[in-house]
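One chain, chain A, links the two complexes that follow: it is found with chain B in the first and with chain C in the second.
Let's look at the complex of A and B:
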């Protein structure tokens, strides 16, 4: 296994372990993810508490977010089928987005833990793998529920020769999803941390802003790709190919 | 004893080695469950109510738009009808005026003709009367002339005779 790297004072791969029975948990991930979840639930509650026909304030903001998510899902999954997938795709986007931005904007490092340090939940591989596996399950479910056993026909399309590659794709999809998100967020936080260590004033600012940008983009990519996979599974041999950014 | 302490060291090393970047453990399934719970909660708290609000607003706007379009069409139709009616009425009024003018002209001409005729008749009558009176006057004048001339003659004769 990997030993914790030590970059000056920087800690990578240190975890605050919680022990529940035989299970080991990464405490710092759960702490920040609860913060993110709490924030999302609170904002949603405030937005839908008093729904007006003419929206204002937080309702307006959240309606904008919802319209954005709807457009995303509609573009990828299609006009007819996108509605039941809005909660999944939307929660993916919101959770990843708020996680990434909380890692960049909330000064977690000020709170000292016995081990490890607080950061965005998405810079832990467990979170991103969990989200990616859920995405895989989601598109399998979408394909099955829509097309039954004929869903498996996609493995021998366009020719049976591509069978191994098609099967391999089901493994590369969650792998690329999880590692893209994990790598981007971790790298971003590391770059910022290293720069702060080297030049603590002003110089890290552009990188931090770039970090905000990439964080938002990563959330968008994850949600878009998840929606695209679901749309592909529903539609069958349609617009194949991933949209990497 | 020695073997025991070596064992402990090995355990410690193993425990340290269990950290790292790619440390997959129970965090993964719990995070997945947490995420699904979040999706469910957000569905009831966010996607459903706000989605409903957006859809209702869309319906409301679409309905209002259709109604407004209908009303506009109606207004345009009514305007057209009224304009038609106005044009018709105007034409009618014009024809009535023309008729009235023609009738008045006719009446005026008739009245003028009658008046002229009457005037002519009266003039002729007056002329006749005048002629009659002239004739009568001439007649009486002739008689008087006759009488006077006879008298003159008588006088002359009597003067001659005497």
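Let's look at the complex of A and C:
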């Protein structure tokens, strides 16, 4: 890597390794994701500690967030089945959203680590792959628990000729989900870092604001797609789409 | 790193991002144009159109991002070095 100024540097692929048994962990990702989880738990606790009939302050904000997530799940999964999936979709959305924004808003770079640097947890491919695989498991479970063995009929649904493509789809879904999120967040941070390298003052600001916007959209997309996959698995290909649209 | 591998990787990274930007660029232009047309025809549907447009723009952008991921892998985590 290159270090023209001590003020800004660009590091990709360097991590703070923690050795636990045979496992090598990326420590900086754990530190920031614990921060994000702690923040979310704290805010939820504060919001639900003293619930009023007429919400105000932080309770109001969290109720707005909950309504937003509920509408998202209802739109994608359908009126009948959406209720049990709100926690899952909501967790995905809030975790990704707060992770992305914490990477942009919290001045992590001021804290020096022996190796690597603190950044949004979602700019590590392992985090996004974990989230995407969870989504895969979730929609598989949703379809299987709702429709039993007839869930597997979706693999030969239009014609059995499409069987390989339908199987391939199960692998491309988590792949595209994880790469989309990882690439967007990493690209954001890299663009900001490169601009900070070139001009440390004021010039990176518009790009940072654009980054905030795209990170919010990416969180929304991840949650929407997860909900859409779950809805698709519940309804099935052939007779889906009555509940919404 | 072998200089030929280094040179090829840098070229390939540039090509990956550059070529991956063409298709989504055309697609985003099309989508935005159609959205403007839709708003002009039906100004009261502006909010809905804008929401859908932003979501679909992000989907298209993901394709360029795939190219970018390949470029970043070539530059920072090159498997051939």
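Odds and ends about this structure:
Heads up, the rule we're going with is that the second predicted complex is superposed on the first by the 228 of 245 C-alpha atoms of A that agree within 3 Å, B and C clash if a C-alpha of one lies under 4 Å from a C-alpha of the other, contacts with A are read in each partner's own complex, and residues count from 1 in each chain.
Assume a residue touches a chain if its C-beta (ideal position, glycine included) is under 8 Å from a C-beta of that chain, and two chains touch if they have at least 3 such contacts.
Nothing here was measured: the structure is a model prediction, and the numbers come from that model.
Once chain A of one complex is fitted onto chain A of the other, the partner contacts of A:187 are limited to chain C, with no touch recorded for chain B. Shared-chain residue A:176: touches chain C; no touch with chain B. When both complexes are overlaid on chain A, the residue A:113 reaches neither chain B nor chain C.
When both complexes are overlaid on chain A, the residue A:218 reaches chain C alone and has no touch with chain B.
Look at A:63: by the touch rule set out above, it reaches chain B but stays clear of chain C. When the shared chain is aligned, chain B comes close enough to touch A:130, but chain C does not.
Annotation: chain A residues 12-13, 186 touch chain B in one complex and chain C in the other. Those residues of chain A lying in contact with chain C across their complex are 12-13, 176, 179-180, 182-184, 186-187, 190, 214, 217-218, 220-221, 224. In the complex of the two chains, the chain C residues touching chain A come out as 54-55, 58-59, 61-62, 65-66, 68-69, 72, 75-77.
Interface of chain A with chain B (complex): residues 1-4, 12-15, 20, 23-26, 29-30, 33, 37, 40-41, 44-45, 47-48, 51, 53, 55, 59, 62-63, 66-67, 70, 86-88, 90-91, 94-95, 121, 124-127, 129-131, 133-134, 186.
Within the complex, the chain B residues that touch chain A are 16-32, 34-36, 38-43, 45-47, 49-51, 53-54, 56-57, 60.
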